[in-house]
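Heads up, the next two complexes both have chain A, just with different partners, chain B and then chain C.
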Partner chain A sequence: MESIAGNTVKTKAFKEKANKILGISPEDARLSKSYLTVAFIALLLGGFLGLLQGLNRAGMLELPTWLNYYQVLTAHGLLLVVVLSAFFTIGYFYAGLSHTLGGLLPKVRKMAWIGFWMKMFGFVLAVIPILMNEASVMYTFYPPMAASPIFYIGLVFIVLGIWMCSFGAFINVASWRKANPGQHIPILSFFATGVFVLLFFGSLPVAIEVFMIIPWAFGWVETINVMVARTLFWAFGHTLVNIWYMTAISAWYVIVPKIIDGHRWSDLLTRIVVIALVIMNITGGFHHQIVDPGISESVKYMHVFMSLAIGFPSLMTAYAMFAVFERTARKKGGKGLIGWFKKMPWGDVRFLAPFIAMAAFIPAGAGGIVQSTNQLNQVVHNTMWVVGHFHLTLGMTVVMTFFGISYWLVPYLSKRVLTPQINKLGIVQTIVWTLGMVMMSFAMHWAGLLGSPRRTSYTTYNDNATALGWDPYLFFLAIGGTLLMIGVLMQVYAVFNMMFFAPKGVTEFPIADEEEGAAPTPKWTERWGLWIVLMLALVAMAYVIPLVGFLVDAPPGSPPFKTW
Partner chain B sequence: MRQAQYGLVLLVILILPPVANLLESIMITHMHMQMPLLVLAGFLIAKFFQIKYPQFFEKWNANGLPGLLLFIIITGYWTIPRTMDETLTMASVEAFKFFSLPFLAGVPLRDSWPKLSSFWKNGIIIFFAILYLGMGWLYIWSPEQLCNNYLLIEQITLGWGFLTTAVCMVIYLGYSYFIDFTQYETES
Partner chain C sequence: MHRSEKVWLLLSFGMIIGFMLITGYQAFALGMGPPSHEERIDPQKVDETAPFDRPGITKIGENEYEVVMTLQIFSFTPNQIEVPAGSTVHFTLTSKDVVHGFQVADTNINAMVMPGYVQKISQKFEKPGEYLVLCNEYCGAGHQMMATTITVK
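Here is the complex of A and B:
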C-alpha cells in the first residue's frame, strides 16, 4: 500500500517537474491559442456591436438603413453567446486536458483542429446572411421567424464542430483512464468531461430542431410545429448557459485556491457538483417556456422544482468557495469575523476578476430564481429585466472568470509571463468592467420592471408617458455599455500582449492540491456511463409530457415569416 | 440511520394531500414519479428494519431472491392500468399504494440487491426493460382509454414514458456489457 502511495507521489512529482521544465507542447499550445484568439476577436466585434445597440436603445444613435438594430442584435448574440463562450471553453479545457493528462493524443489534436475549421466554416456561413439582412432572427432563431437556409446550414457545421471536440475529449480521457486504472480523472479533466458531455447531449435537441427548420426554410415543406421547435431550442439553450457556468466554476474550484495559496475544498463535493449539474441540467430549459402555451400549469409548477434543484449545487459551490477563502486567509494570519478578508490577494487580477465574478453570481442567481418562479416571471417576461439578468450571469460571472483565467492561461500557452504592468492593467480593466456591467445590468433590470420590452429597437411609442419614463434608465444603460467597450479594448489588448509581446518566461498552470490527509474520494464518482443514463432518463421523463401533446394534438403548423 | 429518517420524511411528504393530488393529476407523474419515489422512500427506510430485525431478513431473504420476487410482484401489480384508477376512486387502494410500494417493494429491494449476483441484477433490468416495452406498446397503441380517470393523450404520453425508460435501461445494459470496469477501476 505504502509503495503504491510512494509511487504515486513519485510519478506526480516527475510529471510536475516535466510540466514545469517543458510546459505545454507547442502543438497543443497552438491549438488552444487559436481557440482563444478567435474567442477574443469575437469579444471585440461582439462588444462593439453591443455598444451600437446600447446607444441605439438610449436614443442617442440612429443606425444606418443598411445595418438595422435586429441585425446588430443577432450578430451580437451569436458572437458572444456562441463564439466567445464556445471557443474559450474549448480552448481552456483542451489546455487543461493537455496539462493534466500528459498531452493530447495526436488523433485528438487532429479532431480538435477539424472541429475548429468546421466551426469557423459554419460561422462564416451563418454570418453572411446576417450581414445581408437575411437572417435577423436573433441568436434564438426559433420559428415562425425564418432566416435564409444558409444560416441554418452554418449552424449545422458549428454543431458538428462542437461534436468533434467533444468526442476528442472523450477519447483522450478514456485513453488516460485505461493507462491509469484505479485512479480518479484529474479534477480539471473531470470538469472537462462533464462540460463536453453536456455540449454533446445539449446540442442534440438543437440539431434536431435545425434539421426540422432547413426543409421549411427552403420551402420544401410548408409548415413547422412551432412549439416543438421552441422546446427543442431551450433544451439546448439552457444547457449552454450551464456549460459556461460549469467552465467558470471549474476555475473557482481548481485554479483560484492555488492562486491564493490555499487548497482545494472536498474533492468528493466537487465531483458531486459536476455530476449533479450534468444530470439535472437539460430539463432546466422549461423555465424559459414558463409562459408558453400548450404546457399545463401543473407541469410548469413541477419544473420550477427542477430548476431550483439546479440551484442547489450552486449553493454548495458558494459554501465551498468561501470556506476555502476563509481557511486560507486565516492560515495567513487573518483575524476576526470578517477581518480575514484583508488577507486575500486583492492586487492580483487572477484572483480579483474571478472573485468579483463569484460575488456577481449572488444577485444574478437570485434574479434567476425570480424568473423561474411562475408569477414573478409573468411580471418580467420578455422585458429588459431578462437582458439584465443574463448580462450579470454571462457578462459578469462567466466572462469575468474567463478574463481572470486569461491572465495566466495565455502566458502559460505562449511561454511568457504576466508582467506587473499587465496585472495593473487587468486590475483597472476589472474595475472598469465591474462598474460598466453593474450600471448596465441595474438599468436593464429596472427598466424591465417598468415594462420596457427586450429585443425592440428604440421607440417612444408616440411619446407615451410610460415609455418616456424608461429613458433615464436607458441612458444609464448606454453609459454602462460605453464603459464596457473600454473594458473590452483593454482586455483584448492585454490578451494579445500576453500572447505575442510579453517577456519570455515560465508561467505555471495553477492547479490546487487537496488538503493534506483528505479522505479518499469513492470510486463510484467515475461511472460516467451511469450518470449519462440517469441524465437521459430524466430528460426522457421531463420532455415526454409536452412533446407527446405537441405532436399528437398538433395545431396547424406555421409558414415561415420574415418580420423585418 | 439518518437515511431512514430522510426516507420517512420523503414518504410523509409524498402522502400529504396537496403533493399526492398534484402528482396524481398527471398520469405519467403518477406512475413514473410518485410510485418510484415511494419505492425510493422505502429503499431509504429499509436501513432501519435491517438494523432492527437482522434475523428476519437473514431467515426470509438469505439469498435475496424472495425479496426480489416480492419487489417484482408489487411493482408489476402497480403497472396495471386499473390499479391506478382504483387508487383515485377507493381510499383503501390509495392507502395500500402508500404502504405496499415503500414497504413491500422498496424495503425488499434494498435488502436483496447486494445479495444478488450480477446474473440476477442484469436479469431484473432485462425483465423490466421488456415489461416496459410491452407496457409502452399497450399504452400507446391501445385504441381505447385504459383508465377512466385519465384522457387518451395522457395515456399515450405515459406509453412514450415507458418506451423511453426502457431504451435507457437497454443503453445501461449495453454500457455494462461492453465496458470492462476492471480495466478502469482496479489499481495495477
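Here is the complex of A and C:
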C-alpha cells in the first residue's frame, strides 16, 4: 500500500516497516521510559498523600503541623492530575508517534527532552513552596488567595514544557504528512494530534491567568480581577481532565481490539469522535461556574448545552466498544444474547484493566451529566460528590486504562516481556483497585449528597448532628483509600519490574487493523486547520460574553491574601 | 452504519435534548435557575457599603425574611439566625476577603460567594430543626471551622 512513487516515501515506508519488526529505537525508547518513570513515581507519592488525606478525613489520623491537610491535598492534586497524567500521556503518545510514523525526528526528540526538563524544573519550583506551606492553594489556586510567586513561576515552566512537546508532535506529524501525501495520519497519531492540539489550546487560558497573577503575587500591581482569573482557570482545568480521558479512549479504540484479537471500529467514526472531542472540549469547563455570581442565567443555560454536548461522542464510544467486543467474541464462537461475554480474555490484564475502566465510565459519565445540569449541579456543587465523580473518571476510567497500557508499553520499550507472574499480579492489582475505587467513590458520592463538603479536613463542626451523620461514609472512604494504596504499590512494582528485570524478549505494539473490506475514510477528516477554527469559534461563543462582562463592568479588584 | 447504532445514537441525542428541555423549563418557567445575581461591590469597602454596613436579619413580610450576610475567614456574620417554620428567607451575601462557598445542608442552598460580587439565594424552610451552614470552598487554614447554624422553630 505504500508503493507510491517517490524516494522519500519509499525510505519512509521502509523505516516504518523496520520499526515494526525491530521495535522502537533505543533513543525513542529512552525518552518514553523516562516519561513513564516520572509518571509512576508521581503515582507512588501522590497515592501515599491520598492515603494520608483519606485517613485524616475519616478522623483516623491527625496530621503533623508541618505537613497539614491542605498542603497534602495541594500536592496530591498536582502530582496526580498534572504530573502522572501529563507524563504518562506524553510518554505513551511519543512512543505511538515513533511507532506509527517511523521513528521520531531527531529535532522532535530533542524538543521532547527539553520539554521534559522544563516540566521537571517547573515542578520542583512549584513543590518547594508547597512543602514550605507557602502555596496551600490547591490545584485551582483561585485568586485572591495568593501563593508564593515561585509557585506560579513553576507552573509557567510546566506549561512551557507541555507546549514544547505539543509542537514536537505537530512537527513530526507534519513531516510524515509531507512524505506521505494523500494518506491518512495513522489512527494512533491522529489521536495524538488531537490530544496535543487540546493541550496547547487548553493551556493557553491558564497561561494568561498565571501571567495576570505573577505581577500581583510579587506586589507589583495591587489588585486582581478574581472572576476573570477563575473563568480562565476553568477554561483550562476541565479541558485538562478531558484530555486525559481522550488519551484513555485512544487505547480503547486502537489497542484493545488488537488485544482481544479483533478489528478496529469504523475508522471514520473513530476519527469523528476525535474531531468532536477536540472541537467541543474547552467550553465544557464552564459548568464549574454554574452557581457563580456575575453570570446571567441565559449564559449558564447555553453552557449547559455545551457541556452536555461532550456526552454525545462518549455515547458513540460506548456503542463502538461493546460492538467490537460482541463481534470479536461471536467470531470466536460466543453464543447467546450475553453468553458471548464468556469468550472475552478475562485473564489478560491488558484487557481486564481497560475493560473495567470503560465500565466505570458508565456511572462516571452519568454523574458528569448530572453535574453539568444547572439545578442538579446546585445540589452537589463543591460537595464530596464531585470528588467521588472525578475519582471514578480519572481514578478509574483514565488511570486503569493507563495501567492496562503499561503491561505492554513498558515491556515494548524495555524490549522485555510480560511474564505470566506479572500478568497475574496485574489481575489482582486490577481487582484491588476496582474494590478500592468503588468503595471510596460510592462513599464520596453519598456523603456529598448528604452535604459533606470537599476540600475540608476532618471536622464535626462542633459535633453538629448533620455532620456526625456523614462519618460512617467517611470511614468507608478510608478503607477504600487503604486498598488503593496497596494497589499503587503493586502497580509501581509491576512497572519497574517490566522496565528493568523481566526476561528479555520482543513485545508487540498492539495496533488493531480495520475490518476487511472496510470503506475508505473520506479525506475531509484530515482538515485539522478547519477543526481548530471551529474549536476557536466555539470558544469565542462560550467565553466572549462572560469575559467581556467581567472586564468591562469590573468591580474594584482584590488584594492578595494568605489565609493559611 | 448499523441500524442498532442509529437507534442508539438517536436515543443518546434524545436524552441530551431531554435533559436540556427539562433544565430549561425548570430554570426559566419554574424559576429554579442557579444563583446568578450580577451586582458588583468594592471588596475592600464591604463594611461601608449598604446593605452590608448593617448585616443581620430583617422581617420583610408575612413569613418572609431578608438576611444580609458577610462571609470572611473563617466565619459568617450574622452567625445566629432564627426563623419560624414555613418562612422564606432571602440571603444577600458577599465576601470580605477570599472566595467562599455558602451551603446549607439538607436544603438546595449552594452558591459561590466571590469578593467583588453580591450573591443572592432564597429558600423556604418548611421543617423545624437546626440547619448546618458551612463554607464549601477551601478558604484557608481554618476552612474546616467555618460554619454556623440556622434554627427553624
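Definition applied: the second predicted complex is superposed on the first by the 544 of 564 C-alpha atoms of A that agree within 3 Å, B and C clash if a C-alpha of one lies under 4 Å from a C-alpha of the other, contacts with A are read in each partner's own complex, and residues count from 1 in each chain.
By our rule, contacts are C-beta pairs under 8 Å (C-beta built on N, C-alpha and C of every residue); 3 or more make two chains touch, one makes a residue touch a chain.
Keep in mind it's a predicted model, so treat the numbers as computed, not measured.
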item: Which of chain B and chain C A:R177 touches, first, second, both or neither; value: first
item: Touching partner for A:L536 - first (chain B), second (chain C), both, neither; value: first
item: Which superposed partner A:I545 touches (first chain B, second chain C, both, neither); value: first
item: Most chain A residues touched (candidates chain B, chain C); value: C
item: Partner chain in contact with A:K343 - chain B first, chain C second, else both or neither; value: neither
item: Chain B versus chain C as contact partner of A:D553, first or second or both or neither; value: both
item: First, second, both or neither for A:H303, with chain B first and chain C second; value: neither
item: Which superposed partner A:H238 touches (first chain B, second chain C, both, neither); value: neither
item: First (chain B), second (chain C), both or neither touched by A:K523; value: first
item: Shared contact residues on chain A - chain B and chain C; value: 296, 301, 553
item: Chain A residues within the chain C interface of the complex; value: 68, 70, 136, 138, 142, 144-145, 226-227, 230, 266, 269, 289-297, 300-301, 304-305, 308-309, 311-312, 315-316, 319, 323, 369, 373-375, 377-379, 381-383, 450-451, 453-459, 461-462, 464-467, 553-559, 561, 563-564
item: Residue numbers on chain C that touch chain A, as the complex places them; value: 1-2, 5, 8-9, 12-13, 16, 19-20, 23-24, 26-28, 32-45, 73, 97-99, 101, 103, 105-106, 108, 110-119, 130-132, 134-141, 143-145, 147, 149
item: Residue numbers on chain B that touch chain A, as the complex places them; value: 22, 25-26, 28-29, 32-33, 153, 156-157, 160-161, 164-165, 167-168, 171-172, 175-176, 179, 182-188
item: Partner chain B, residues of chain A touching it in the complex; value: 4, 177-178, 181-183, 296, 298-299, 301-302, 523, 526, 529-530, 533, 536-537, 540-541, 544-545, 548-549, 552-553
